[in-house]
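Both complexes shown next keep subunit A, but they swap its partner, so subunit B is in the first and subunit C is in the second.
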Partner chain A sequence: MGPHELALLTLRRLVAAIPLVIGVVVVNFTLIQLAPGDPTTALIGDYPAPPGYVEQVRAEFGLDRPIPEQLGRYLWQVGHGNLGYSFAHRKDVGELILERLPATLRLMLTALAIAIVLGVGLGILAARRRDSPLDHGTRLFSMTGYSVPEFWLGQILILVFALGLDLLPSQGARSLRAPPEGFAAFLDGLRYLALPAFALSLRYIALISRITRASLLEVMNADYILASRARGARERTVLLAHALRNAAPPIVTAIAYDFGFVLAGSALIETVFGWPGIGRLLFESITRRDYPVMTAILLFVSLGVVLANLIADLFHAALDPRVRRP
Partner chain B sequence: MTGLALAPRNTLWSRLRRRPGATLAMAAIAISVLVAIAAPLLALRDPFSGSAASLLPPLSPGHPLGTDHLGRDLWSQLVYGARVSLAVGILAAASAVLIGTAIGAIAGYVGGVLDNALMRLAEFFQTLPRFVLAIVTIAFFGSSVLHVIIVIAILSWPQTARLVRAGVITLRSAAFVEAARLGGKSDTAIVVREILPNVIAPIVVTGSLDVAAAILLEAGLGFFGLGDPNLVSWGGMLNQAQQYLRQAWWMSVFPGLAITVVVLAFNLLGDALNDALNPRLRDAP
Partner chain C sequence: MTEPLLDVRDLRVSLRRSGREVSVVDGVSLAIAPGEFVGLVGESGCGKSMTAFGLVNLFPTPAAHLAGGTVTFHGGRRLDGLPPAAMRRIRGAEIGMVFQDPNTYLDPLLPIGHQIAEALREHDFAGDVDARVLELLTLMEIPDPALAVRRFPHELSGGQRQRALIAAALAMNPKLLIADEPTTALDVTIQAAILDLLRRLRRQLGIGVLLITHDLGVIAETCDRVYVMYAGRIVESNTTASLFATPRHPYSQGLIKATLRPDRREALFSIPGQVPSPDSPPAGCRFHPRCPIAIAKCMGQSPELVSYDSGSVACHRAHDPAARTTWSASAA
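Here is the complex of A and B:
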């Protein structure tokens, strides 16, 4: 695919994502409007705020104006990055989220990487030995992995590996005495990352292995696979060069689709492991009734999902020439 | 997909029975439903009443699964917790299926602009992060079983809607539907009496998977401290277990196992139903 074509496609998909983004903001606005009590509480949080600030918020969001105008003002404010102020944290909400974002991304991307490697690997093994004990075992494993609540798995991992065997730490993202940077700091970080990342990934190992297996089996019956075998290609070449490439689009789509669920799961996992990310922040904001933080996180996570879907579309197009033209 | 509902029920039953996973799943579901119904008989004491005997390990006299930090009997809490999980799971999934069926049938039968709009809406709802949205909504509106059911239902209908729509579109110009139309039946009667009975198979499958997803979502809300404060729930039990992991592993192990078993059962059932109902796969090895 040429650079021109790619740019055009990206542009087209970006335009298609705009209604989704606006929809997400409208959902947020609707929640704030429908919430019991005054919308100012939903915008400021159930925390003592200076009276001048309440007036400022009323004016900024036009709370005495008709609903359509309020929606317009809300879109305007959010579009300009004004997500409100958290009096519980004494900090700008946008700033607060950006501060916590790196920890969440580190946890999520590690979990996703584990899930892709193990999930695709298991899926290939199961598809190659169809109906073998390995295949049935994988199927049972993926069913179970899909049914275990991830936060409970986190607790069990803490019970076994942190409290029982005393192998790995269970709370936080780094030790107090860890060096600030360098390889030792990296290793220290890995030790803290191990349990939460695995707890978060299990569900997606299960999902990805299932989709990989199904998708591979579907293309394995195709003529070009038969042709390639007939030409005497080695099984490994057939599998990796032909089958996996053609089986990839649904796998990529599934991974991107799961992205939102990984984000949600990380909220629970961060709470179990005291991980200093956005999920923990969400949990804290519930106990503190810090509403602006909650709606801002909802907005952030929703936009993250839209972005992930966009990236998946582009990957999909790069892998499969048939979807490039509408 | 078409001829499924026409197949006699006993063949579906026997196809299901031949799968060990399905039999096991149905047994687990039946047992958990019985436990939920008979909770007052099975509980050894009031799940809310505390005692001085706090953090007793399992197999203590009078407390087969031990007690929690307030000396409440874990077995009795577990038994009452089954009520919340199953009620929320089944009612939320049933509501989601009803909403999804209605929207999918309208979209598929009417077609055109309305179909397009409804399917865009379904896509949009599938993009929304369900768990975070459920958390924020419940935090705003207050926690009660009813709120949890409504929120889960509103966030879960699109899958059913898309399946029903696809089924309705393939059937709306089928000969037997044409015949009914020529016979002077109203559109509503045609959809409800002629078309929907033939798309019941995928609805049943997603329904079962929806129950599993709803139970997990409810447990997650409970773990976040957003369960109904007046009821015992498995998610809520895990929320309290979190603070006592070091002292009382049993507070975490038993409720989590209960959730896993019930969710696994509904997932296995959905999977087995899918295999049994899907004619394309029926004769596959």
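Here is the complex of A and C:
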């Protein structure tokens, strides 16, 4: 695929995503407005404030305007890169999110990488040794892995590896007392990353291994696999050159689809492990009714999902000539 | 016949079906001389494709497996019981295979040049792989070979796809080409062109060809000799000319009678009844339930293949003059 084709496809998908993202913002904004409660109560606190003061605060933040007007103002602001002001943190929302984003990306991408490597690996092994003890074991592992709630798994991991065996830290993203430097800092980060990343990835290891196994088994029955073997191809060639390539599209789609859920799952995992990321920020902003932060994070989540699907589309196009030259 | 290129004796192929062994090829023997064009004809489900897969011990389903017999190839080498790694070195290098549907036997994600080159690379071709691929595409009469190597299967016509598959099968200069219904999925005009190509390749390269088809018309156009297969067994074999002139087995007679011909105006003949299921083949001669001249012996005793003149036939009544025109009285 030439760079021109690639750029054109990317542009087309990005333009198509604009109404989708606007729709997401509108729906999120409206849903939150429909929910009971008022951020001013959270802001002022439980003190019995004079009604005049409450009105003054509401007017200050524009909360006394009709909802459509508030929505219009919000969209206008977001369009200009202003995500609003956090009531609870008394800080610019954009600034707040940018502060927290790197930690979340580190956790998420590590969890996704673990899920992809282990999921695809286990799926291939299970498909290659169909109906063997290994295959049955993988299936059992997948079913268990898929059914276990991640926040519960997180707590069990803390109990076993942090409190019980005292092997790994359970809270935070790095050592705060005597922070190491250089390569030692990287290793220190890995130690903090291990438990939350594994807890977050387990469900997706299960999902991806199942889809890899099913997709590969289906492709292995294809006529072109038989033709390749009849040509005398080694099994390694059959698997790498033909089977995995053809089995890849559903796996890639599933990974892109999971991306949104990993983001959502990180809200719980970050809370359990005290991880200083967007997930915990979302959790906190929900309990504090910090609406601007909530809508902004949800906007980021939907942008993430759109981006993940765009990458999946580009991957499909790179892989399948029928997609790029129909 | 000189030393045969391929000598198959009593080949058996079984399918494992819900814990039971079902025999789909039941003692097939056939021989192909070097450079000979041999046909294997029969109805769908008679086991002709399974016979072909059995020769190279490669099956489309893991349920199928060799259940007996010997396959002796060029130079007296036994192919049955060969370890997988050794068998792989023969597949594609000494025995090429072409299949029915060029649309599904090419990998949709790879350029055809890559798939032809695969046959060369996997057998550690000593020469220039790219040059050989271009040479093969030229040999297959694919227009503009330099451009065609980078084409994907969906960008080619059905006929060109089949040519690409034949090119891949012939890449390593095999001594035998097994072609399993190579024209069935193609338009009639393309069919003729592919058959022409096969005939020319056989002449030009001196390869032996085993052509598997249900179409006697295809056999008549191409083959030196024919084996007629019914329900997992060979029922008759002969030179093509003799088989069409004097078919001995009632089944062969029926097949020839059922061939569409422009000079015949009457309704198309078809052999009554159906091919028996391999789960429960009839006792005795497997054709007897559909045979108009079956006698008591046919139901109890399976006929052996008996040689005569240039051919052989497996029928208890083959030497009975009445058996020469089995279907004339009962023509549908």
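Keep in mind that, in the parts below, the second predicted complex is superposed on the first by the 277 of 326 C-alpha atoms of A that agree within 3 Å, B and C clash if a C-alpha of one lies under 4 Å from a C-alpha of the other, contacts with A are read in each partner's own complex, and residues count from 1 in each chain.
Basically, a contact is a pair of C-beta atoms (placed from the backbone, for glycine too) under 8 Å apart; a residue touches a chain by one contact, two chains touch by 3 or more.
Small disclaimer: the values here were computed from a predicted structure and weren't measured.
In the superposition on chain A, contact of A:Leu319 is made with subunit C only, not with subunit B.
When the two structures are aligned on the shared chain, A:Leu75 is found in touch with neither subunit B nor subunit C. In the superposed model, A:Ala227 makes contact with subunit C only, not with subunit B. When the shared chain is aligned, subunit C comes close enough to touch A:Thr237, but subunit B does not. After overlaying the two complexes on the shared chain, residue contacts for A:Leu282 are found with subunit B alone; subunit C is out of touch.
Annotation for subunit A, partner touching more residues between subunit B and subunit C: B. Shared-chain residue A:Arg245: touches subunit C; no touch with subunit B.
The touching residues of subunit A, counted against subunit B in their complex, run 19-20, 23-24, 27, 31, 34-36, 42, 131, 143-144, 146-149, 151-153, 155-156, 158-159, 163, 260-261, 263-265, 267-268, 271-272, 282-283, 286-287, 289, 291, 294-295, 297-298, 301-302, 305-306, 309.
Subunit C contributes residues 56, 58, 60, 88-93, 96-97, 99, 101, 104-111, 115, 118-119, 122-123, 152, 154-155, 165, 168-169, 171-172 to its touches with subunit A in the complex.
Subunit B makes touch with subunit A in their complex at residues 120, 124, 127-133, 135-137, 139-142, 212, 216, 219-220, 223-226, 235, 238, 241-242, 245-246, 249, 252-253, 255-256, 259-260, 263-264, 267-268, 271, 285.
By the touch criterion stated above, subunit A contacts subunit C in their complex at residues 222-224, 226-234, 237, 241-242, 245-246, 319-322, 325.
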